């Protein structure tokens, strides 16, 4: 499982980076989204992997941290997801406006070569 | 809990509430919005002053040098703590001053150039306050994002091709940097199991070898994120276009943004990689030093190559960023103290420049920039047909233009680091610190890179002088009948106040330097910070 | 899965059976999307999963949790209900969109608009022939 | 014994569902037409939902129910957005 | 009455939904009641065509039939997929002139037809009331027309009109 | 008391300068009085201070400035400083008187006097500062004020260029001086002048001595316009003549040699000092005199002669013998007197004859005999004619030049250079006199009819000339004691025996003087006419310093700078991104490479389903990356696939909250991007990036970057995943979540309580972004190719129009006729769902954020079902208010605890027994979460609807040709 997730993170990062280096604004948006998936998974993995141990406390009174997956990275990822959503939206709108003003969907507002 | 303790939350809470309330006020009632915004910013300044006094009153040798405020009343390191010490207090006051100046300036016209300017402005202040106060790595990320989000909004305030295009770059790069931030922070958490800076510093020495490697990787990646914000070469190309595209008041307040990156680097390098860090001591210092040097070189060239004043200003920001980074990279207390003085001085002056530019632009005939250079190239055979060549009577300078000219001159001196303004004291303090690490009369050998840095600091000043002189002469001296700029008092006042502060800094240099000295010393004593956060020992207690 | 032991045999077996049935239907549906030649045929495939595929697994879940909690836990029903309500919306809109696009591209195997204006009856032929529309005509306006 | 059967059947079911997602992914990538992609994305949502339910059964905890419910109630929103985009070239008119 | 409970059936349904989600307790009844009421009031703002349920006792009956049909066609389609192309099969479009006009009724019909593997709702012309569906395994087409008109449309018209 | 006198001397000029600015613009007389009285007061207090220094002591006082850096405001006046103070204030007074008549009445004198007095203050500061850094401060001030004074008549090009050049060079020197002083400070350990003067040996023996020397000399030589930095001085002649008289003869240019003399005891006596200064001095002496001969501009001639005389002084100082130092100091005074008088005379001539061109000037003696006489005497002094002060110091100079000090070739040629220089000086002095005053008046008469100037304008000249005479005849009685005080304060113990007598008998020095005089005269007789006609000096004239300077500055400060900026920087995004990625990779890699990465640790069992799941996920991701360029919709769908897999992963890894949140965000994001796609039309094939090697290489590079980044992330995460988990602060959260946080869902308790502060910031971000988007789109102008309806709508419209019994838009209505029913009935369902997710949040997966986005999705559903206008006729949503309200709720909920005396955001919770509901947990955190919910609904709706509104705006815009239509957005604010 660890290996799978590590590879997944790697592939997502790779595709994201590739797109982020492309010249079209839309590629940028997709790339950053992929990257934020990768980063979210990365953050989650920093709490190590636990199946079937959701940090939702059972009824019984004694709660042993060892029985639950690390809740902190989950909280961090939640924040990251929200912020990621916000910034993706902003970037999208900015590139729309940019295209409206520059007539081009090149990240530099003009065809470079 | 004493009321004064709660004061620590004010720099974050006040602008937040103000910003939110401003959203509820109707778009059309500009006056009311301006009033609320202004009131909040003034209160912010007051609060900053009080906090500064609090931080400064802590006697030097005492056990803990920082106040910590556990948000949500959970014990550190589990809770998010806000930490107030001399450094954060200094940054808060600086922010408030800049904010007040920029805001006042914007009241002339900019705050009506688009919706919700004041809210965004307040949120920016909130983000800055949080970034300077927080003692928690992830919370730092959150406040970085608040700051950035607000800065996106403000940068795009007023729209227009140039703003949007440079905004697109600015946003993209900062998004990428934020992702790196997350990777760094989470990696550090994954290895050390904590997010609290003090706790982190506490745990580092006990790190296993494999973990230390991972930690270093995390810290380095985190560092990249900060360096992007601090605009170190080659990660800072976004800065100049963005800042020159921004509206004048926005550009002015943006000057503090790069300083956030520098602040964090200073705070963390000294806290985590200070002397007690064992294996990790001095981690990354060399990179910062050389990166800073490279930044200075590039920015100096940029300053000289700039035709538009806005670009010049942007590169001046880079110069100061590079200088500070290099100073942080050297890391010695004497240098840091000087660097802090320089930070304040350069921030004030560059901000003033950003405000001034707009007014000056109103007084220039188009294309003056280009002329300024070509005329210099062929200055001798400059055709003087229209000029009253041999008229030996001085021309009367219109009042407004004269004021702008004086302000321009002062800023030129500040950037060049020439007397009598604080720019000189700042550079002198930094240089004398570099040459005498253990105070005056320190006989130790001076390494080559220090010489290089000294030379660059001085030469960058010269470059700024030449560039500013070129533009200044072209703007204020060359035109026969100068364009009379329409300038409002609310626009000039903040500029003059900022310059006045620089003058005051020169006169009161002794006081300020003693403050920065104490700050630098406390930064080099991580234990006191850790005690202040974790030890629960209130500041001011004498060591047992 | 420690709790599996807590289940009585009949419940365990029933759950197992239902789960397998549900998953199997879903898989068949998915295979269908691969096998069917034209879009209009592929539209049918997912409904295997959305109808009894979902139903079976929901039932499995109900059985499992009811027995485990020794009280009737039926809130999974809602999942079935909402899937049944919402899936058609997607499929309707999608099919109509496909129809429009085929018409505008002059696809002759799709019934013309006029059919619905003057009600008559028409039998489309087996349209294996228009398998795999050439991807050159791949549109994605974006 | 029965526990083992249950465990295994759940595992197998999960593999089948993943396989289903795989089939959907194939069409998602190959198309040929946009409508095929949308169709398969929607199908994928359902498969994912079922997968979540099986996870719930496997772990015997009800905490994953919300996720499944959200897919059931809101999963179709993005699908119809895509469909409408194909039909009208505009999601909201 | 109408102003307090604009959509009684809806309100009830939502309440049931709530209690299914939480628990069947007095407290949740109250809480869910408030929420369901608020939700149905929000609905009034959208003022959709308000269905009049005549003979709602037919609903369970209809549900029963449909579930059964769906089950059958599940098996049918499954077998088709399993056998693939080895078995000769004709799929095609069928146009059905509908008499059902009530939008809600049509919606339900759409759900039935679409949820049933093997039939897909393609297009409906509300001027002429003609429905175009696609049938996966088209043996005899009039059968389909009859099936849908008698088995479903009739019931729905009884319920909704 | 003495100290206050010092303060007065320095402070008064600045104060007066400030007040001068406040005067009305046409106030020549009052300004003159102000300046005059100020200077007089300074002069008076200087004289009053003489007793205090005459006995060899020094008046010294120190005000702390920045003690920790060794920078103090220390004023120190010893004999040497005194005599310079006297010189500055004295000549200053004369120049003020002169200026009164020189400056034209309509000149706005305020600025002039501000600069003039400011300069005087700074110059006095240089002379009187007792701390080297303070000296540098004033030093730079003099540069700045001289810049302003040279550029006073900035309306003409020459003034601007001269000023710029002067400042560039002197400022450069000043910065060098600063560096030098810093080095000295490092060596000595103090910047205090007395400490430095006391530690000469330490400095000379220190390895950094040469560095310090070079830097300081750079400062001094630039300031004193010494070769090779001399050329700024002639260009500074564009300044008003009083400025030239004061700055460029008596004071500013003397600052350099003053400094050399001041630090003479510390720095002199080494071969470096001797060689560098000797060469610079000699070169300036000869070259200056040579070029002076060829000048046609009177002031130009004087300027070059100044360079020459300062060279003489430099040469003297270089010799390093006490006697030479005496001579140097003596010549400083003499030169000041005669050169100032000559400059002022030049001004008079210019005024009277209307020109300064020696070729046009002639026979002026008959018009202005008195002035003529004065000029002749002063020029004689300049030429070193006996019985004049210039003779005396030049005599001493010759005497010293003969002496051997360090036998090097410099030393050997020194006497010849001395004679040559003096001979040339004689030549240009004669030329000056002859060309202007003697001979016949020019055929074409002067621009104006020249006559004697008013008495008081001539008075300063006269006064100084008389001084030259008196000193020249009775040196011992007049200047003697003062000179002695000055000299001894510099040389201290090693003050030599010297006599100021006019006649020392037939010495070799006298012979040299005679030779110089004769040679000079002969040269003029031979070459006089040639000089009168020459355009520019042969050989050296070709080398025009300022032209080289200009070219150099342009090259360095412009072309090279541009080049560096081009090479080291970029304004394009892709390279920046590339650099960022590369930097990140490097940052992550270097520590790992440095000390290896261990993968030792426990690995969980391999899960095939999970692996299969991610096969799907990865394929989708890669495909998305591949399709994103031309098949945007496909890319979007594939992205959705990856997102879905991520959600399932969250479930798999026991993070139900994440799964829920990711799902709703996923859905909303898809809609969002689709809304955006409407404004990004079909990718035209014309934009295909060029094929070919370069492009392929670029892609290869990017691809490798991507791969490396991916591998890196894999390695990092795997290394952490297999390593043992550290003791984490998270345990605390699990333990306290229910007992003290009052919630079973730990993640949610962290979000609203333990780390609620993060959440507060995060929702602020969301709010900010929403508001920003709203603001941005209010000004939105779509690109022309997107302005008309999408293709589909046009086709369907045309179809509807073609059909007689269908109204436009029927297809659209029909399309949604049945589905919209279901979509609408889902609305209340979504509301209930949101309520459920919200209320359950604290104990089960859910919470304000998920609920909020779900609610927003409900709204969007309605918009899709029935269109913007239809919905907004029925639902009045005010998202901005929701945002503001949500933030306020959150903030105030946090503040409440402060009022209760607890830290911000402290949450309270207890079980309360409600009548029917029974035992219910009430946590104040829920209120906070309500704030989150409210904001999220507002923000999400605002973001999506703001974009959706563009479609309507487009229609309206199309209707009233692009008129600004914001009212339908107004309701959103």
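To keep things simple, chains are lettered A, B, C, D, E and F as they appear, and every chain counts its residues starting from 1.
To be clear about the criterion, contacts are C-beta pairs under 8 Å (C-beta built on N, C-alpha and C of every residue); 3 or more make two chains touch, one makes a residue touch a chain.
Values in this document were obtained by computation on a predicted structure and should not be read as measured data.
Engineer: Which contact partners do subunit D and subunit E have in common?
Structural biologist: C, F
Engineer: Quick check on the contact graph: shortest path length from subunit A to subunit C, in steps?
Structural biologist: 2
Engineer: If you apply the touch rule, which chains end up adjacent to both subunit E and subunit F?
Structural biologist: C
Engineer: Looking across all chain pairs, point out the one with the most C-beta pairs in contact.
Structural biologist: More C-beta pairs are in contact between B-F than between any other chains.
Engineer: Which chain has its C-alpha centroid farthest away from the centroid of subunit E?
Structural biologist: F
Engineer: Using CA atom averages as chain centres, what separation in Å is found between subunit C and subunit E?
Structural biologist: Averaging C-alpha atoms per chain gives centres 16 Å apart.
Engineer: Roughly how far is subunit B from subunit C, centre to centre by C-alpha average, rounded to an integer in Å?
Structural biologist: Taking the mean C-alpha position of each chain, the two centres sit 58 Å apart.
Engineer: Counting only Cα atoms for the centres, state how far subunit A is from subunit F in Å.
Structural biologist: Subunit A and subunit F have C-alpha centres separated by 40 Å.
Engineer: Out of subunit C, which residues touch more than one other chain, so two or more?
Structural biologist: Correct list: 1, 29, 31, 43, 45, 50, 75, 78, 82, 85-89, 91-93, 95-96, 100, 117, 138, 140-142.
Engineer: Got the subunit F residues that touch at least 2 other chains?
Structural biologist: Only 571, 573, 577, 581, 632-634, 636, 652, 654, 656, 677, 680, 683, 713, 716, 720, 725, 728-730, 733, 755, 758, 762, 765, 768-769, 772, 776, 779, 790-792, 796, 815, 818-819, 822-823, 826, 829, 840, 844-845 qualify.
Engineer: Two-or-more-chain contact residues of subunit B, please, as numbers and ranges.
Structural biologist: 138, 142, 145, 149, 152, 156, 159, 168-169, 172, 176, 183, 187, 189-190, 195
Engineer: Write out all the pairs of touching chains, ordered by chain label.
Structural biologist: Inter-chain contacts occur between A-B, A-D, A-F, B-F, C-D, C-E, C-F, D-F, E-F.
Engineer: Report the residues of subunit C in contact with subunit F in the complex, numbered from low to high.
Structural biologist: 82, 85-86, 88-89, 92-93, 96, 100, 104, 113, 117, 138, 140-142
Engineer: Spell out the part of subunit E that touches subunit F in their complex, as residue ranges.
Structural biologist: Subunit E residues touching subunit F: 7, 10, 14, 17-18, 21-22, 25-27, 30-31, 35-36, 38-40, 42-43, 45-49, 103-104, 106-107, 110-111, 121, 124-127.
Engineer: Looking at the complex, which residues from subunit D come into contact with subunit C?
Structural biologist: 1-3, 5-10, 12-14, 16-17, 19-24, 26-27, 31-36, 38-40, 42-43, 46-47, 49-50, 53-54, 56-60, 62, 65, 68-69, 72-73, 75-76, 79-80, 83-84, 86-87, 89
Engineer: Please name which positions on subunit F make contact with subunit A in the complex.
Structural biologist: 571-574, 577-578, 581, 603-607, 610-611, 614, 617-618, 621-622, 624-625, 628-629, 632, 635-636, 639, 642-643, 646, 649-650, 652-658, 661-662, 665, 668-669, 672-673, 676, 679-680, 683, 687, 689-690, 702-703, 705-707, 709-718, 720-722, 725, 728-731, 733-735, 737-738, 744-747, 750-751, 755, 758-759, 762-763, 765-766, 768-770, 772-773, 776-777, 779-784, 786, 843-845, 849, 939, 943, 946-947
Engineer: Could you pull out which subunit F residues touch subunit C in their complex?
Structural biologist: The touching residues are 630-634, 636, 677, 680-683, 790-792, 795-796, 799, 803, 815-816, 818-819, 822-823, 826, 829.
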